[in-house]
């Protein structure tokens, strides 16, 4: 490897798509959520559940896969009121970890974002491009986490391999 | 292999590391730190090239990217063409050839062109080669043109990379001005990106003996580089050319020889908050008769070879200048042991400061060079008083000339910032900036070191422009563009014929259109035009500076982004199963790869497709319908939104029910078709065709955010949250039973166009009764995590019923037999729902929906419409090519329709087709004619359905 | 008009080429003409030439704000072809291609027309279906289009080593359009200018039209320029991207947008590819110039633009697509790149018509208008002279928009 | 490659966006508008040598439809919307 990085393709992660105003969503499931992030493209976390503010009136709830059923029961997507939308989207995303000393170099090949820590702090999370695909980008221990549409997973794995080969 | 012209000492080369290389087959030796040019000069090689048009012998003229004369082609692993010898770093084993001559520059057969050169002035080819036609001449012209050979292979090892970067300050050029700017910004804690095209920082200081505060200037450079090295916020690259300045302060850098050995070149896309252009200045040539002879070089380049590379290219030197910069050159050459015979200065008064530098060298003021002796090597130059006269021949083996300096404004100009002509500097300099950028140092017109850095010691510039030498009896070609062989008389000819705009001159003579983009000569063309037309250079103006500043390999520009990034690919959980079972995979729209058909060993397409079709019609088949676009819509206003979005009414749907519908664009074209289901009061699920999923998503979001921001509709894309296996055929219900499900499958409890949630084969599933084949179908939707399992269980449960996987080819046949619409086939932008016999989908009840008014308007025009019909070739075994035109009587006339699809129908045991035919609805039963190149196919016009016309089966 | 030939060249050589006459005059600007043509680009000059040549109208002034031949004709990829899909389009382009082939002789100016055929590289089945459809309609109008195997494609284009069976988009086959060719764009402008001038047409450079003038009757009356008012009862707007800039001055509303299209050339190399290579599925096309440069075009930029610049990501997409099919070009070098703006109609087909302002004619919406210059000039001259559309262009009028009867061509070379 | 100001995400590369077309006239009442008015609404957009109002969809971003004013001569973005409250 000409770059000193580690590429990991994660197994399934529990992800729920939340839409509606913070008040409306909070009114339905406040108790199980971390505090709502205030700044766009940031996230908050509470006992293993991360709440990402990734669009106008749009949040992603991210947790370990084993939390999926528990969260689903609490969120009750099919019963929630008309003014909010909750959809389980765990299967729609494939997650990758790019970690190691050269992680930033590899990211610079795939992603146009300025990921300098002064601009992209630890609590940052945002959609951007990754090898030209829409991707959810955030920081993780020792590097970066990127999630792409599940059906593109093989392609991205292939490209990460090329970029670091 | 003595390096006859190598000085005993000096230069920034490593004499402990000799390198051997080959030039035009001959072996030579140089040192690490040499360029190919400096090594050739060290070895006394004078004729290094032949010119483009006249094939005149040429030598090395410059010392950097401005080099107009000597282009070489590298052999072997690093094969590449048209490289200025002055920019090729010497390596052990390097092998280079002159381009554009055969067999060698010393003896070039193309030199014959010189004999009839007078017959091929500028633009000559516009006036001849016309009869009988251009083809007769093109092959030989094409052979003669073109410099190096085209590359034959991609690099066999190593790769290119392109990456993004972001910086507060991007500085182009690491000369004194650039280093100063970098230090200032770096010390202020800004993120700095400093890129310089050379192998070593220092810019012009590398070539000259200048001092700063009494110390050698290169000491200051070393200190600056060291300090920058220590700053974490500074990225300093050498061998990195800033070649493009784009909109919004994005600049592109090409980095050669990056730290990683497997990496050939790296392309940086840099977004800079601020840009500092410290790109220096380029010395320009003097224009006089035979100014292209080998041994005639730019003055400062001579100085560079002495100081930078420890090479003295000749022994007896004459210098010709119109400004002060030749005087330090003379001093350095003399210091290196050369005999400087004379300095010919076109200025009438030479400043004392300059004279002081050369006490022992004869200086002839108000004197110009008006002729050269020597063909492959300058032997003497003719010195003539500015006003004319006999003059005298001065023997020499080297002529250094300086026509003054051009600030290197290429990037400045690329940024769309303006230039102005500065009369004192006699050069175009940066004027007002169009983006957040500024020029500093020589690039800004500060041509001497004292203007750039405090304590810098330098001569004043003091130029008195001379755009060309005009001496009545001057003989020989005076070159304005050495690379493209453009002479003063070519420009005169262009002006004489009325090509008098500088752009006309450039195009008619090709001046400035070479690889060097006329870095040393363009200004003289502009000056010549100005003098000839009696206007100022400002009014003549420059031609546009275009990227790249210097040529860049396409490999670096493409980087790692190979076609898969351009055309991503998508997999479903069944993709691997498909491949394992011999599927032929196709592109299926929206980047999905899907099985076209599943041939058995030795089986062709048609047999396989027939087998799959028969299974669906007579038994059961299954296909992976996962790629269909799927969206969940939520909110109180979804019903009215869908009523606006679709041409038919959706709001009346009851929970659990679905309806097929059409989406139109507001100008009345068909955007997509699909099915909408009402999950409950406020939750809906809509499906779109695979290929249009993204477009429909964009369309819906745009409407909601820009037209109806108040409406409460929330859209979530769930295409990849639901995969499905669609089981279709008369035995589909049996297979469902065999799979085991808690859903009551009876037609009454679970009718067509409805869905049920439950479990299938023990997996949580949503089963939908839609049909794209015309047969009883169950679309079993599960989460992708369960898809592979479901698929295996379906194949297992279906086995007793002879279930087969169905590819897109068979699906195509099945939908054609039913006359079901396919956007790619029947919808080509000319038809509407009525033409397709789907008038029922155009709601009359709704006062307004997308496309309604436009469809009405279009139909009012009374122009004949093409309608969807079925066609049966009179010969049942005659296939009709899809897309074939229908013309009246099959005659050679304007078309009246086309065949949109034609398939072998296993149910009808014949070819059947669909067509769009003018006034087709009224022509059923008639005969229409398909016109092919080799004949006419009569077809009977029918209704567009060939199987189960009443749709009993799909409802069964 | 001085006859150009090998003999005149030799004769002039003996006098040091000092006796060549002006290619065109620089006459004084009159205050009235029968017809004013705005824009000395390809279409403007051709229209002026045919007005004089075919319809005896030589009291024509061509007003050019810059230098003649400086419009899009100065910066395009000179692809001349007639492989379109619709009955409305094909015969027009067939005529234009035929006229180009005779232009060198007609104008006595070497256009260096090289009928070297175009090969479409087909990489998807829907594209093949579309091209096959074109093939049979084109045949009705005598335009050639033949399908060839992938092996044959590779035989004709040895440098095409990508697109193999394992590629993302494997090559399926090729389509050969033997009528296609390239020529020298400057020569087309200069040849028309010189010939029009010889017939009495006046070409006025550095004459910028600032606005159009309507008479009391509402009809066109002339133009305001930086050199004063010039009157004419017939004014032709042939200014590509700037059409609406001018028609806005009389409150006309046209279904036109101005977009930027870029192209680039490689360093000159020895002859390598002798056909025009078009890759509609990958989104690029190129041919090798007589000087040896690969002249490469790609997709247009998104959004309206008059900036004439390069969008790095669009450019990189084109390069990437090219390298996928021509991997050896990784070692080839980019020498020069540029952008040019052109206007595109709502349905992406051209508009040649008299507008709602009587006497005001436009030729616009040319999306790859270079190939259309001869037929465009001839048919527009017909319209201007006779007041009725030429049969070859009767579908390209504004009338089609009144009932949204679009002419939808999948015919642009860069459709991706 | 422009930098387009997304009200939610801030300035982002043009390549994250999909062009949504210039902003034309408001959609007239299809049951009231004349044929000519309807056709003009559908086919005619402002094409100025200067600032034009246009839409970009932040497709590879937060999904916002952004409406900006951009100068067609320079590509400078001369007016852009604010972010969420």
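Order of writing sets the labels: A, B, C and D. Residues in every chain begin at 1.
Everything below uses one rule, namely that a residue touches a chain if its C-beta (ideal position, glycine included) is under 8 Å from a C-beta of that chain, and two chains touch if they have at least 3 such contacts.
The model shown is predicted, which means the values in this text are computed figures rather than measured ones.
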Graph distance between chain A and chain C, where chains that touch are linked: 2
Pair of chains joined by more contacts [C-beta pairs], B-D or B-C: B-C
Cα-centroid distance, chain B relative to chain C, in whole angstrom: 21
Length of the line joining the C-alpha centres of chain A and chain D, rounded to whole Å: 29
Averaged-CA centre spacing for the pair chain B and chain A, given as whole angstrom: 33
Multi-chain contact residues (two or more partners), chain B: 162, 246-247, 250, 269, 271, 416, 559, 561-562, 564-566, 569, 667, 854, 857, 860
Where chain C touches two or more other chains, by residue: 307, 309, 311-312, 402-404
Multi-chain contact residues (two or more partners), chain A: 112, 132-133
Pairwise touch network: line, ring, star, complete, or other: other
For the chain C and chain B complex, residues of the former touching the latter: 4-6, 8-10, 13, 16-18, 20-26, 66-67, 69-70, 74, 87, 104-105, 108-115, 124-126, 129-130, 132-137, 139-140, 159, 162, 167-169, 184, 186-187, 190-191, 205, 266-272, 282, 288, 290-292, 307, 309-312, 315-317, 319-324, 327-338, 402-406, 408
Of chain D, residues touching chain B in the complex: 1-3, 18, 20, 27, 29-31, 33, 35, 38-39, 42-43, 55, 57, 59, 63-65, 67, 74-75
Residues of chain B that touch chain D when the two form their complex: 246-248, 250, 269, 271, 416, 434, 666-667, 698, 701-702, 705-707, 847-848, 852-854, 857, 860
Partner chain D, residues of chain C touching it in the complex: 242, 244-245, 248, 253-258, 302-307, 309, 311-313, 343, 346, 401-404
Touching residues on chain A, where the partner in the complex is chain B: 2, 12, 17, 19-20, 78, 82-85, 87-92, 105, 108-109, 111-114, 116, 119, 131-133, 149-155, 158-159, 162-163
